[in-house]
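For reference, the structures are reproduced in the following blocks.
You will see chain A twice below: alongside chain B first, and alongside chain C after that.
For the complex of A and B:
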């Protein structure tokens, strides 16, 4: 069954690549570089152009750092708001409203304050993923079935024990799904940030290839981003599988 | 000589304040004897679960007091009483064994000893062989057996049960009722059992407290002196059921009128 699905997925992928190859014949080269040019170029860049590793390293560093910071801050604030009713009722509307603002509007300000290099990307990706992590953690913690808590109290558990033996494990699946969403948003934030203005990174490469109409290069970098996104998605799923619910 | 293990004295519970306040319980007085199977029955919304929560120390009365084994209740006391909830309240990330060990773990009982006790009570509720299953792999009746084993493992004098079989189908209820009787006889506990089922009350209890509709008050306490083992379909049990129904039907009607 799984093998069958895998084969079908490969077939779809092959179909897309063939469609891509043929449709690129029908439009000017600037619009669509054919697969037969893009894949050899990808191999060539990978093997001969060592610069790509610097850019990859920068992008990876930005993703990891922003994700780490957003997770740490989001979990902390989410736990506090989740356990403390008054604070939650006070700040939840503000957080939700801020979350609804398209984060990209903050980016010019971040560039101004933090400059064109990595700091502004990290801050931008942080803003993007901090909110969903905080809000899901808060919801996970505050929605724990009350009777589970009551049962623990009836067995003599202290508040602290209830938190780490009941509330934490009970909300873990939701918290982990929030973290997984946050990770995906960090990748988006970093790439978008780099594309909108930066010095190093995959997004910078994509933006400059696009501006210079180097369509084949543009596709090569885009494929690399897709591969990173798929990898990150798998890591996110791994996070979710850590919980007892699966 | 019968001694009163639990004394509920003039207990009133009011929720909310001002014009929106609701009197859930008003001047409730009764005693539960040692080793007794004591049932509280009443129309839904009469405050019977509230009353059980107060006895369990999970909530505080607005006035009055509850004394158990000579001590005033002012919080949960897992050395003295264990609680079983209608919703099972099992921890899904723990196995059956680990769920049953939970209370002992909090008490600080050593690993070896709590394992031994847990296995013992899992056997008593008839779940041997399921120790390593997770709650979501079990049926409702089995889940409630786990919750019962967890409460029994605390080895308390008092067992408080809040509509424990309320979410189960009738056959499972009957079977669990029979087993609860057996366990109660073996462990010599004092059980306070909240239910809305007339059959359960008549078939299981030594005494039945019938509560009035809101505000919850003691309407009547009915002695059930049918010898055990009882047949749930016998004439005696049906007669008690009819007596309870006589007391409760007007209250249920009143409650429905309030709701409408």
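For the complex of A and C:
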């Protein structure tokens, strides 16, 4: 059964690549670059064009910084709101409402405040991942079984001990799933931000290659972004699995 | 208790606005970038009819792409969710496509369909369909297997199993998929408009940002955010009513 599924999956992939190859022969070069051109170009750019590394570095830096900031702020606020009932009841509706707003609405404002360089992308990715991290942390902490907490208190545990020994382990799986969502959203945020207006980064490369009708280059950069996104996604899943084991 | 929370929310709002106003009027930040709330309020009450025309344009596009994307997404989700082999085979593709930033495909879509209505709709449909599929598949696969066995043992045939068992049982997840879908299609339309288009509120916002009209941009941002919050709140109420009636 496993093997059968795997073979079907490979067949789909092969079908996509063959379709891509033949359809790109059928339409003008501007629209599609065939796989047989794109993959050699990918290798060529990767080995000879050192520029790609500075763009890669910029994008990676933006992703890591925005993710770090969003995780720190989201965890802090999530823990505060999760343990403090009154604040949660007051601010949860506001946070949920803001979370329902399509995130890209904020981007033109950020572009105006922070300029075209990296700061606006970091801020945008921060906004994207801050909400899911905060809201899931809050839910995870507030949904911890009250009996466990009471039992720990009645056995004489201090507030800090209860937090470390009971609340944190019990809510960890949910919190980590929020963080994993946030990580994926950071990648999306940074790429979207760069494509909508920027100076450096992979998103800028994609947008400018498309504007210049350099379709083969556009495909190469797209593939690089896809690989990065899938890798980051796997890292996020690893996080989640780690917590279930412990 | 609810009254007290409302007071607290109102107090927070007033404090934020007051601090913001004083920070700007004391000259700590340049009003060119961060306009004081009083000026934003003035732009908010004097929003031009052209803005509402653009907003209407965007909402029409959102509705069209939502209808296409959600109908297709729910149909695909039900079929894929109810067939194990299909689900196993397609699962990594759907999740992979979902986890990469979809905006990287936008330049290609624009290349094929041109700037404007068609490419915006296509991109927004792509944006809507994936989360809808994922939520509906999850819902269908969570249906209690026994329900289907009972229906079969009572003599239900293929179509009846879908219309009498699977769809009613998956209704809650279909409703939440639709709620998610409309926000995603609004997001898709806004991204496509901001990236490359000649009409709509996203286009207008990007233009205001590049023209440094910060007070007007703030006003439009608040307007769009409010519209999104109202849409998701109304849909939430509707689906609550439908669930209650069952």
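We take it that the second predicted complex is superposed on the first by the 231 of 246 C-alpha atoms of A that agree within 3 Å, B and C clash if a C-alpha of one lies under 4 Å from a C-alpha of the other, contacts with A are read in each partner's own complex, and residues count from 1 in each chain.
Quick note on the criterion: a contact is a pair of C-beta atoms (placed from the backbone, for glycine too) under 8 Å apart; a residue touches a chain by one contact, two chains touch by 3 or more.
Keep in mind it's a predicted model, so treat the numbers as computed, not measured.
Enquirer: On the A-aligned overlay, A:156 touches which partner chain: chain B = first, chain C = second, or both, or neither?
Expert: first
Enquirer: After superposition on the shared chain, which partner residues are touched by A:50: those of chain B (first), chain C (second), both, or neither?
Expert: A:50: touches no partner chain.
Enquirer: Looking at A:94, would you say it contacts chain B, chain C, both, or neither? Reply first, second, both or neither.
Expert: It touches chain C, and chain B stays clear.
Enquirer: Is A:105 contacted by the first partner chain B, the second partner chain C, both or neither?
Expert: Once the two structures are laid over each other on A, A:105 reaches chain C alone.
Enquirer: One more residue to check, A:3. First (chain B), second (chain C), both or neither?
Expert: It touches nothing on chain B or chain C.
Enquirer: Tell me the contact category for A:26 with respect to chain B and chain C: first, second, both or neither.
Expert: It touches nothing on chain B or chain C.
Enquirer: More residues of chain A are touched by which chain, chain B or chain C?
Expert: On the superposition, C touches more of the residues of chain A.
Enquirer: Identify the overlap between the chain B-contacting and the chain C-contacting residues of chain A.
Expert: none
Enquirer: Mind listing the chain B positions that touch chain A in their complex?
Expert: 56-58, 76-79, 82-83, 85, 87, 89, 91-93, 102-103, 106-107, 134, 150, 154
Enquirer: Where on chain A does chain B make contact in their complex?
Expert: 145, 147-148, 150-157, 161, 165-166, 169-170, 172, 244-245
Enquirer: Can you list the chain C residues touching chain A in their complex?
Expert: Chain C reaches chain A through residues 1, 5, 8-9, 12, 33-34, 85, 88-90, 92-93, 96, 99-101, 103-108, 110-112, 183, 186-187, 190-191, 194-195, 202, 205-206, 208-209, 212, 214, 217-218, 221, 224-225, 228-229, 232-233.
Enquirer: If we count contacts the way the header does, which residues on chain A are in touch with chain C in the complex?
Expert: Residues of chain A touching chain C: 4-5, 8-9, 12, 30-31, 86, 89-91, 93-94, 97-98, 100-109, 111-113, 184, 187-188, 191-192, 195-197, 203, 206-207, 209-211, 213, 215, 218, 222, 225-226, 229-230, 233.
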